[in-house]
Amino acid sequence: MNRNDVTEKIVAAKRQKGLTWDQLAAAVGQSKVWTAAALLGQMQMNETEAAAAGDLLGLTPEETALLTTVPYRGSIGQTVPTDALVYRFYEIIQVYGTTFKAVIEEEFGDGIMSAIDFSMDIERVEDPKGDRVKITMNGKFLPYRRY
Amino acid sequence: MNRNDVTEKIVAAKRQKGLTWDQLAAAVGQSKVWTAAALLGQMQMNETEAAAAGDLLGLTPEETALLTTVPYRGSIGQTVPTDALVYRFYEIIQVYGTTFKAVIEEEFGDGIMSAIDFSMDIERVEDPKGDRVKITMNGKFLPYRRY
Amino acid sequence: MNRNDVTEKIVAAKRQKGLTWDQLAAAVGQSKVWTAAALLGQMQMNETEAAAAGDLLGLTPEETALLTTVPYRGSIGQTVPTDALVYRFYEIIQVYGTTFKAVIEEEFGDGIMSAIDFSMDIERVEDPKGDRVKITMNGKFLPYRRY
Amino acid sequence: MNRNDVTEKIVAAKRQKGLTWDQLAAAVGQSKVWTAAALLGQMQMNETEAAAAGDLLGLTPEETALLTTVPYRGSIGQTVPTDALVYRFYEIIQVYGTTFKAVIEEEFGDGIMSAIDFSMDIERVEDPKGDRVKITMNGKFLPYRRY
Amino acid sequence: MNRNDVTEKIVAAKRQKGLTWDQLAAAVGQSKVWTAAALLGQMQMNETEAAAAGDLLGLTPEETALLTTVPYRGSIGQTVPTDALVYRFYEIIQVYGTTFKAVIEEEFGDGIMSAIDFSMDIERVEDPKGDRVKITMNGKFLPYRRY
Amino acid sequence: MNRNDVTEKIVAAKRQKGLTWDQLAAAVGQSKVWTAAALLGQMQMNETEAAAAGDLLGLTPEETALLTTVPYRGSIGQTVPTDALVYRFYEIIQVYGTTFKAVIEEEFGDGIMSAIDFSMDIERVEDPKGDRVKITMNGKFLPYRRY
Amino acid sequence: MNRNDVTEKIVAAKRQKGLTWDQLAAAVGQSKVWTAAALLGQMQMNETEAAAAGDLLGLTPEETALLTTVPYRGSIGQTVPTDALVYRFYEIIQVYGTTFKAVIEEEFGDGIMSAIDFSMDIERVEDPKGDRVKITMNGKFLPYRRY
Amino acid sequence: MNRNDVTEKIVAAKRQKGLTWDQLAAAVGQSKVWTAAALLGQMQMNETEAAAAGDLLGLTPEETALLTTVPYRGSIGQTVPTDALVYRFYEIIQVYGTTFKAVIEEEFGDGIMSAIDFSMDIERVEDPKGDRVKITMNGKFLPYRRY
Amino acid sequence: MNRNDVTEKIVAAKRQKGLTWDQLAAAVGQSKVWTAAALLGQMQMNETEAAAAGDLLGLTPEETALLTTVPYRGSIGQTVPTDALVYRFYEIIQVYGTTFKAVIEEEFGDGIMSAIDFSMDIERVEDPKGDRVKITMNGKFLPYRRY
Amino acid sequence: MNRNDVTEKIVAAKRQKGLTWDQLAAAVGQSKVWTAAALLGQMQMNETEAAAAGDLLGLTPEETALLTTVPYRGSIGQTVPTDALVYRFYEIIQVYGTTFKAVIEEEFGDGIMSAIDFSMDIERVEDPKGDRVKITMNGKFLPYRRY
């Protein structure tokens, strides 16, 4: 048994038990996005969080223990994602890659937005012309060190 | 002369004239992010916008005209970006790809966040532990059509 | 058991029971192309549709339930398809890629044909010199948002 | 001077002279899609067609002659297209690849839709909820030869 | 069980029973090359052919039935083949790619040699300096359609 | 000036002077296929052959001299060819790769068909249902050495 | 003129003037490694640093100004480096990739060593059996944020 | 059973028994980094070392014996690593690749830092602004042989 | 069971029985290098050779029979090898690729060194400064055929 | 002017002046293979060697100086070489990769054959059945360091 097997079991258990990410996040005590990422095998839970999630999802102790290990990250197994929903984010990088760089660097100087000291929220924005997905990324600016 | 040549000239002219994206956006009459993307060769300007930008940047009429053509999009020329700032966004897709999918689909059903009917903002959030980059993406949810 | 296992079982059951896509589509209540795509693991069925299909094909409840989940799309597992029938469509993109772009943009302005708000039909056209395949794609034009 | 240089000059001349694909197609005497493909370097014109196009676009005799040569096809220079409009067609192959195969083969038997004995039309379909792009592909079915 | 499993079993059975491609082709009633391609999972047999082959090779009814399905073609699972015998054909394309194009097009005009309405023979040519492999490919010329 | 420049010049000169491969081959004194391959930069001519070809095509002495150098082979500059005519040969390898191997090895034992001690002919075969391209490859069988 | 042109000129000027990285670093007022990286187009200099470097190397004002722009990083233009010296570092990642992960995470918990708040030194260590290269990397540990 | 299976079992056993790399290294009698690399399948242990490690981790004799075989190296199974911690080292190569080359060659002449006669240490450096990872690589300089 | 399974079993049996390549080669009656290549699944043994090897290694008749089949060659499963020992040979091609070509062609004319009519030896050369690996490749020169 | 330009000029000058690698090697005072590699841009000459070569080939002082710089190695610009002569060496790695590893490691233990402390010779071996190319590689064995 490895981390991927647990991810597959979690996805099936969530479906069979009719659980939502909000319910799982409430039990775990973290945000919905982080909880989903952790249960999909991309973040490390502590023992309390893993126990709460394992309990709701009906995982064995061994499976629950795997939730507390550090994952080897990379959820999609493809260089360019084929799924349309995931691809759109790749497309945003292709179109806005140089814009991200130009606007952030003009504002902050030479550096990056951290993807580690980073949080994200995904919300629904109601709109009469069709509801919208609003994604807020929030990452610490890290300036390049000079030495 | 093609669109890439104009992009390179715009980047140089902006540096030599000490222009900011805010100044260019004000002249163009669109947001800072959209204006930067357009001047970096990823969005199509109308003639008024192109004229305003060309004026500030000292472009020739031929160069200005190229700003009004539809670009073949793709700003980074690499499948996996090597630049650290741009790569972090690719890393976010690798880590959160299945999370984007799971959370958006639970909320909206089967579909995608549009990257076309889409806007984005990039802001500085002051923080005593180090300022942060806040990126807000806003895209229409498009449900898969059944037929 | 995952979605791919169900797809493989569906293909075998369809062959063994001598079912046609038209029969399956009639039971499901959607078009032939959409029904085939859904049963091949690329579209999400609702519970009624899944039940009808599962019934005809002899699927277990667990297998039938998987038809109602959102698939991670990508049916061919190859960047450039090796199968001759599928490759021809890739060839059409290589030959007509810039033509699609030039003709659609002249007619509609800057934007795309949606692959989400999209339907497709595949028909036989009788022809004394050899019957022809007629494919009709119909996708909403989505203009790039300016902001 | 090679074929790519001529393509680039044609795109510029068309923009500067305000010509449409319909006008060029009328002069050439073929359909709009075929004419665009030919002028974008993917189809071979005969001498009359090339002369008519060269005349309208202001090409030199040498440039006009290149329109009558057989092109080495492949218009996008990328394995997976980065431009959003062109990518959507690639996405359709990823999603519908096995569906194309399953539906065509059930109807016709083992074989392919020709991409050579092939024509295509691109039309606007008016729709109060947003106009739609309708693409009709029409290719001869070619059965695999048994020997 | 899928088509690849059957291919593997056929290769083993042929070896264990000491059958030759000629014997299999005689039983099937098609040429040696086509029969080998079909039994290696690249061509579709009809029911009589499959029965004859399955009989000789000792296949089960389910395995025999799989020989009558249309295969997803692509026998080597590699973009550039590593096996020396197969690679030499790839090398011929690298060296003669533009020659194929130039000579066929001068003779026939713009079009292709079909790989579908196509047959092939592989023969031994005795030669005192070392026997030679003679391969004869025969494919219908298909001219590009103009429309 | 390098070999590629000469190839490009030869293609243009052949078109402008209306020369055929047969005429060039007659002057060079080798077969049509070999001559085309050599003039397209894939075979090495001796000085007499190069002089004859250079004369007909109007090459400079420096250009003619380059025809006598050994080329770095590889005519298509792509791993998987995008041009339809060239791709069909790649498709033949994908479909018949394991068949080439199985049939040649049953006949000859373990070894390859040489692509060096190799010749090829390309002919037109008249056929009322559409003329056909016949390609004959003839390569020495080379058995793997045991030691 | 772009950043790559300046890099190429700097490399040539350094050779022709017999300058060392130590001399350049002393003039610039930063460490040898950082200075080399900056002059090779991977770090951004401030105006004083650029002026000092430009003076020693004989750069024009325009070239000097380019040293103060933020570079698009990626110095080797290859996914897997072909040069033996650079490749050895890639080999270290292939061999020690999981070790880096296992040892750092046991010591620090889930997170990364920053490549931004990062410095590096390269030294010679004398050794009678052959001198050794000692590389010291020093990067801030960044824990994954939980939210 | 192969080496990868043993690696997976070692990772699980280490977690279940609460062993640290330091404890394993003490038992094995080598450094922490080398011991981790060996137990993760990248270095060859001698029999005493393997016995000590196998004992602590509860491996079978067959599993212990596999630790004494030479591994086929390559721990990450990806050309460009997707995990953030491992990727940062790849990023260092992209940014500093030409700097490594320029600085080492100025100091030592033409050659490489060996990745075979090589050792590495990974340490924690306490820092009030956030602890740091310090990595020391030490490889013999190997000059290119002239002959 | 396929050829790869047998290779894996042979490697394990050789280790468990403490056999050397020299002992296996003596039993087989061929050279050490050829015997190793054959037992690692890259050369075809005759029945006597396979029987001798199978006997020493304790293979079943079915496994022994697989040693007499022609393998699909390609031992490393990677385009660029990650293992350091194997990579060094790839590096030699990257560095000496054009040298091989230039020196062989000056000596022999246009052609290749055969990798089929080819033998190789690997020896230890004692040297007080460290023993050396001596590899001797011996391949027939094959001139390109002119026709 | 960069190193590639000099390589191209050297190749042309050698041809025009009718120089052989042996003559160049004699002037340079190193072996034929090393000299060819250096003049083809893969090895660094000292000033005396560069002067001797530059003299014979008619290089300018600037060009001659470039021969004394350390090259960024990698002569073929392709991951898998397309030229038949160079490809055969790649094929040898594909076939014998695991054999190199198994035989060297049995003889020497865990380590590599150096490609840096390495020399090579290429000779003609006369043979009535066709002359042969003999390549002798000689590299120091480097054992993996344990620490």
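Chains here go by letter, A, B, C, D, E, F, G, H, I and J, matching the order in which they are written, and residues are numbered from 1 within each.
One rule holds for everything that comes next: a residue touches a chain if its C-beta (ideal position, glycine included) is under 8 Å from a C-beta of that chain, and two chains touch if they have at least 3 such contacts.
What you see is a predicted model; the values in this text were computed from it and never measured.
**Q** Mind listing the chains that sit against subunit C and also against subunit G?
**A** A, B
**Q** Which chain's centre, taken as the mean of its Cα atoms, is farthest from the centre of subunit G?
**A** Relative to subunit G, the chain whose C-alpha centre sits farthest away is E.
**Q** Round to the nearest whole Å and give the separation of the Cα centres of subunit C and subunit I.
**A** Taking the average C-alpha coordinate of subunit C and of subunit I, the gap between them is 47 Å.
**Q** What whole-number Å value describes the gap between the mean CA coordinates of subunit C and subunit J?
**A** Centres of subunit C and subunit J (C-alpha means) sit 53 Å apart.
**Q** Which subunit B residues sit where two or more other chains touch them?
**A** Residues 33, 72-74, 79-80, 82-84, 91, 94-95, 98, 101, 105, 111-112, 114-116, 118, 142.
**Q** Applying that definition of touch, give me each pair of chains that meets it.
**A** Those chain pairs satisfying the definition are A-B, A-C, A-D, A-G, A-H, B-C, B-D, B-G, B-H, C-D, C-E, C-F, D-E, D-F, E-F, E-I, E-J, F-I, F-J, G-H, G-I, G-J, H-I, H-J, I-J.
**Q** Under the definition above, what is the set of subunit B residues touching subunit G in their complex?
**A** The touching residues are 8, 15-16, 78, 80, 82-84.
**Q** Quick check: in the complex, which residue numbers of subunit H touch subunit G?
**A** Contacts found on subunit H: 20-21, 32-33, 36-37, 40, 42, 73-76, 79-81, 83-86, 88-108, 111-115, 118, 120, 122, 124-125, 127, 129-142.
**Q** Mind pulling up the subunit B residues that touch subunit H in the complex?
**A** Per the stated touch rule, the residues are 80, 82, 84, 87, 91, 94-95.
**Q** Note which residues of subunit A are touching subunit G in the complex, please.
**A** My answer: residues 30-31, 33-34, 43-44, 70, 72, 98, 101, 105, 109-112, 114, 116-119, 142-147.
**Q** Which residues of subunit A touch subunit H in their complex?
**A** 2, 65, 69, 72-74, 79, 115-116
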